[in-house]
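Below: one structure, written as structure tokens.
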Amino acid sequence: MIVAGCDVGSLTAEAVIIKDSKILASKIMGVRATAEKSAICVMDLALAQAGLDYSDIDACYSTGYGRQAIPFSQKNISEISCHGMGAYWADNSIRTIVDIGGQDCKVISIDEKGLVQEFIMNDKCAAGTGRCLEVLAKALDVELHQLGPLSQKARKPISLTNKCSIFMELEVMQHVYKKRRLRDIAAGINNAVAKRVVSLSRSVPLKPGFAITGGVSKNVGVVSRMEKLLGVQFTQLSVDPQIIGALGAAIFAQKENGNHD
Amino acid sequence: MISAGIDVGTRFVKACIVKDEALLGCAIEDVSRDIDRVIGRVYQKALDKAGISKRHVKRLVSTGYGAKLVKGKSFSMSCTHCVAKAAFVLDPEVRTVLDCGGLFITITSIDERGVFERTLSNDKCAAGSGKFLEMSAQAIEIPFSSISQYAERSKEPYLVSSNCAVFAESEVITQVNYGRENTDIIAGVLKSIAGRAATLFERIQAQDKVALAGGLATVTAFSSMFEQMTDRKTVSLPIPPQNLGAFGAGLMAQQGKPSRGGV
Amino acid sequence: MNIHSSENFSISRAALRASSMGSLFSRYPRALGWVKRLMLPLALEKETAFNRHFRFFILMAGYAMSNTEDIRALGVLSRDFQDYLENVIDETSDKPMVWSEWNLSNEILRAFDVRQYVPETFAVVAQMAGSDAAVDIIELAEEEGMAPEHCSAAKTAVGALLANEAPKPDVIISSSHPCDSVTSSYQALQYMTKAPMFVVDTPYWDDDQSFKHYENNLWDLVAFLETNLNQKLDWDKLREVCENVNITNHYLQELSEMSRAVPSPTSVEPLLLHWLGRMAAFGSPNGMKFAELVHNGAKERLKKKQSIISEEKIRMIWYDVPLVFAPLFPWLEKKFGAVVVSDFMGRIQTVPIDTSSKETMIRDLARTHLYCTMVRHTRGPAEFYMEEFQKIIEEYSGDCFIFMGHQGCKGGWALRKLFRDVCRDARLPSLFVSSDIFDKRHVTEEEVKRQFEDFFRSNGLA
Amino acid sequence: MSDILSTIQKLAEAQKNAYITKAADEGKRILGYMCSFVPEEIIHAACMVPFRMTAVGSTETRLGDTYYSAINCSLVRHIFDKALKNEFSFLDGIVFMNGCDHSRRMYDNWRDALKTQGLGPEFLYMFVAPHTTMETSLNRFIDELNGFSSALEKNFGVNITKNALKNSISIYNRRRKLFRELNEMRKQPEPPISGAEMLAVQLAMTSIPVENAVDLLEQLTEHVHDRKMDCKDKLRIVVTGGAMEEIDHVKMIEDSGAIVVAENLCTGGRHSDVSSDEDGDPVISIAERYLYKVSCPRMVDEFENRSSLLEKTLKEYSADALITEKLMFCDIWGGEVFLLKQEAKRMGFPLLSLEREIYGGGAGQMKTRVQAFFETVRNIQ
């Protein structure tokens, strides 16, 4: 049986195709003008990679912000469940998933079947998300992917006190103007984001078996700071953390439509 | 006498060279990490445009959020003052100046002699800022210079309600995904910012005539929306609104403490 | 400071150390003057372990409390404060522990044989242990699910409980003033501790019926305490306390009045300190002594037409004085010659308590409670603020009004048009800054300084 | 949609309706109020119509913000914005209440607007309710009710008799009984009415004269009697929180795979089906109803009652989960949600707490949260 999952987020769209519990194809691309277009584009790419056609897919589920607008999907499932299931599939010892994406961050606690037991998602404020990191990196005039490595070298990280990411930007500028070292500021930024996520995570049970997903998992600065604050070690997942959402959707499609596995 | 004004804002650095009450040249550039160099460069550009060499500048006044960053023997003054001064000199009938910059909206009222009366700023709220407009325009891929064209095509502006600029941005993106026209969205963003400006305007019980200053005022759709909301006309001034702060600083320098050399 | 440490009261202990170190110095006020001059810049810049110990004194003395008399007074006040802290952390005592809300004056408790803890005060205690400690405590409460919109003092109260900084209560007394944050957070504290709680219902108006209602509530409170503590109220003791309170209030009220003089011989700082210290020293001999000392010091200066600061240039009227920005005041003083001559927090406006009978005492205690800081203004209609404000403007020759709004006080923020109108009619320049009394995450010190500088300049005050 | 339901829906979404206009034409005075502690019976006994002010139709807070600040509750800002735009000009008076710090300040701001901008009406009354339920408070509350009656009598030249009060109690009790019957039906496995529809009903009924309300409710009961909502695979949800008037919000919740079977909101549910005692002194029975039977988080000594009532509701309506709703900057609901979260842990029911601004955005995020919550509830089951 061949199933697919499609995740249309706010910045990127992903598609994953699975056959008999093996990933046949996976694709990531930037979003297009509408969710529908993004979904079709990315799925076309994935199908091409797998050498398949829409008619070969037995079931396809969607997730992500654009999940309701996807024409070829039979069901939409929230990102939270999909991230839980995707991460669990990649490594079934995982019980707690921290997902930090562009617009939001979530901490998800799953059971021994990969189903969500409890979750928390930031609301009030965007500080503590990937977007916040982007804004601050830009203010610092540093490439996003350098923010992590740079911060690792810091000796005296600055502390950012402001709650709002826009005003944090101003605070960063002030530190820049004061000629603080870039690496210390970078570390300050990562620490601030990590701290925000950690304090969010305290309201769900943190069961051992931690994974981190979402774009920000590529930022070593945030990741290592979180490990320190939480006192845990994140398990390295065998698949690209960015496709976890789409993967989870595909697994759900498989579970609910086939009798296989 | 020749003087200079430098306005180091939250988003842009602006410089003006002034002779008596006339603008000789101005320049503008984004702020960046290397702020000292940006300031130097903008200043030099303005000098070049004016065709003046640095040593002819008798006095220099700095203003704006980062006024202190202007090194040398400059004197710094508050931005509200500078903007009000500039507007008044350009049009002595102006009684209210609304400065809409990168992060703050400030409204100032002046009396018939051009003397400062009082000033108000918006609450700390990023969703009422120029920065928010930039972020939204970027998110829906509209070049900043075409914002007005897009906004004017909108029939039904989308109501942006989030108070957090970053969240509002994601709200905007969600709306795009739901198939909302980007013209409606950008118009909605402008409307939400203009609404906040209009609140300030009501709060200070503004008197005519009204002048707009700051980077947002360069967006014509913004000013027309603001005019429509408050049911008032704003005056158009002969120099670009974004430069008013720097120009005012230059004017202040005409009277202020002497300073030679500058940056 | 590690707030998750398993040791109870670690922050309170640190504050206790800070305070005792301070009192030691207060015996040598002149030395403190020097230490202050040398240390202040350092102490304000960095959070070092050493500074943590000095913090309280250096910061407090860094306000406009610079002369020897005031510093001695501070020493007296801090002795009661230390007693208070020692009592709080004393886990061996068998005296019942009563929690009482920060605006519910606690004269009545003094007439019982109890230990007392004021939950919100922990916000001050934490400040003494470093401003980061306060933020950590607040975040702890928020992580537990406390609403971010609550007053930061209320959040610290809950945070303190979570961080093992609060003693176990036998009873809790609270009131429905001054604001929703309080009514709301006490329900949480009660829920978490399961201690019996009595809530005094605060009237809205200022008429006889309202006073009577509050008075009835106080009688209910006495009955509640007598039952739950299994003790009788010691009326003689209450009388003594009330008499002390009368004297204290007399001095402080006069002190409030003295700052009408130009230049002002005092700032609102001693008043604020007294307010903060009231849980420890209200109606105590030391509290009285403090009032007398600061009063006399100011009187001396008044005679000599001396200012509390070196040169008074700007007289500020404040709405709320934020503690997190303690370093702001030396800065304002040095840079602009600005002194706070009046504010709504520290100002004392009250009535004497008639101690001739139980009934008169309770009747007048009801009044003094309702005239207390915050409650006086926040519980009722806008006039409670505006009329006093107008009076302040007329009498204190202020040059400007600073509304350094506190996030919790939504009721105050809802009135800012009215404040602004009063200022406009009086031609008094006003500055509205969004900040928080205890939580430094809302606005940075630099931002505040920038706003002040801009404001003073725009209005030709500097 | 049926006639009666669409009539009601329209009423709920209208600023002002024909019933009110008609009542006004008949010479009845209309009194606006904002909070469920304001005693409708007394207003009714004075031959007036109580009208619950809402933010319905408001799209901005531009004028409201000239008085209020960004950290004030959006509901209050919207309502005051409408007031400043003269959208409440049909009211003959407003009764404010010390419900919360935001709404009670409207009394001050409105008086200022009356003074400086001539914003009517002129009868602005502050109704003060105690925060505790001790006997002292009950006595105080009775005094307050009497004071309110005399203020109405004096200002409008009416006479509020004991008999009129008894009549008013009885007609309000009829409305409440009809609500009780509707709620009773919602306990069935297939409720006759959805939560979104029910919210519209609640909103509509507080914006029209009670006589019309009774009439419409009777028709509605008749109409929905044999109606059955499709409940296949749907979770049964209870919604609790402060003011809520966004019918679309409840729709969004229901569209994510649930049916709202009960609510406990300022704008409905909490009190709409609670009667007053018809025997004995009418003022006392009104006082007892409002003080003892209509608890909300502004009451400081009543959490246990509120919690056990909630537990009972969850059980009686066979609810699967609870959703709490609060508006940003609302202190009292902020505190309540904190307590409910602890209670949810203690009693072991699933809880999702949502926060929003009135007519605010963020629907996408909210939807994700709700959907994920429902998935979680199913997983646990």
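Letters A, B, C and D mark the chains as written, and numbering starts fresh at 1 in each.
We take it that a residue touches a chain if its C-beta (ideal position, glycine included) is under 8 Å from a C-beta of that chain, and two chains touch if they have at least 3 such contacts.
These figures come from a predicted structure and were not determined experimentally.
Distance from subunit C peaks, on a Cα-centroid basis, for A. Per-chain Cα centroids separate subunit B from subunit D by 45 Å.
Centroids of subunit B and subunit C (each the mean of its C-alpha atoms) stand 41 Å apart. Centre to centre, using the average C-alpha position, subunit A and subunit B are separated by 38 Å. Counting only residues that touch two or more partner chains, subunit A has 65, 103-104, 124, 167, 170.
Residue positions of subunit B with contacts to 2 or more other chains are 65, 123-124, 167, 170, 174, 177-178, 203. Multi-chain contact residues of subunit D (touching two or more other chains) are listed as 66, 69, 71, 328, 362, 364-365. If you sketch which chains touch which, every chain touches every other chain without exception.
In the complex of the two chains, the subunit C residues touching subunit A come out as 135, 139, 142-145, 148, 440-444, 446-447.
Taken together, the subunit A residues at the contact with subunit D in this complex read 65, 77-81, 103-104, 111, 115-119, 121, 123-124. Chain contact summary for the complex, subunit A toward subunit B: residues 8, 10, 31, 33-35, 65-66, 69, 102-104, 124-127, 129, 131-132, 135, 140-141, 164-167, 170, 173, 176-177, 182. Chain contact summary for the complex, subunit D toward subunit B: residues 59-63, 65-66, 69-71, 328, 357, 359-365. Contact residues on subunit A toward subunit C in their complex (touch as defined above): 124, 161-163, 167, 170-171, 174, 199-200, 202-203.
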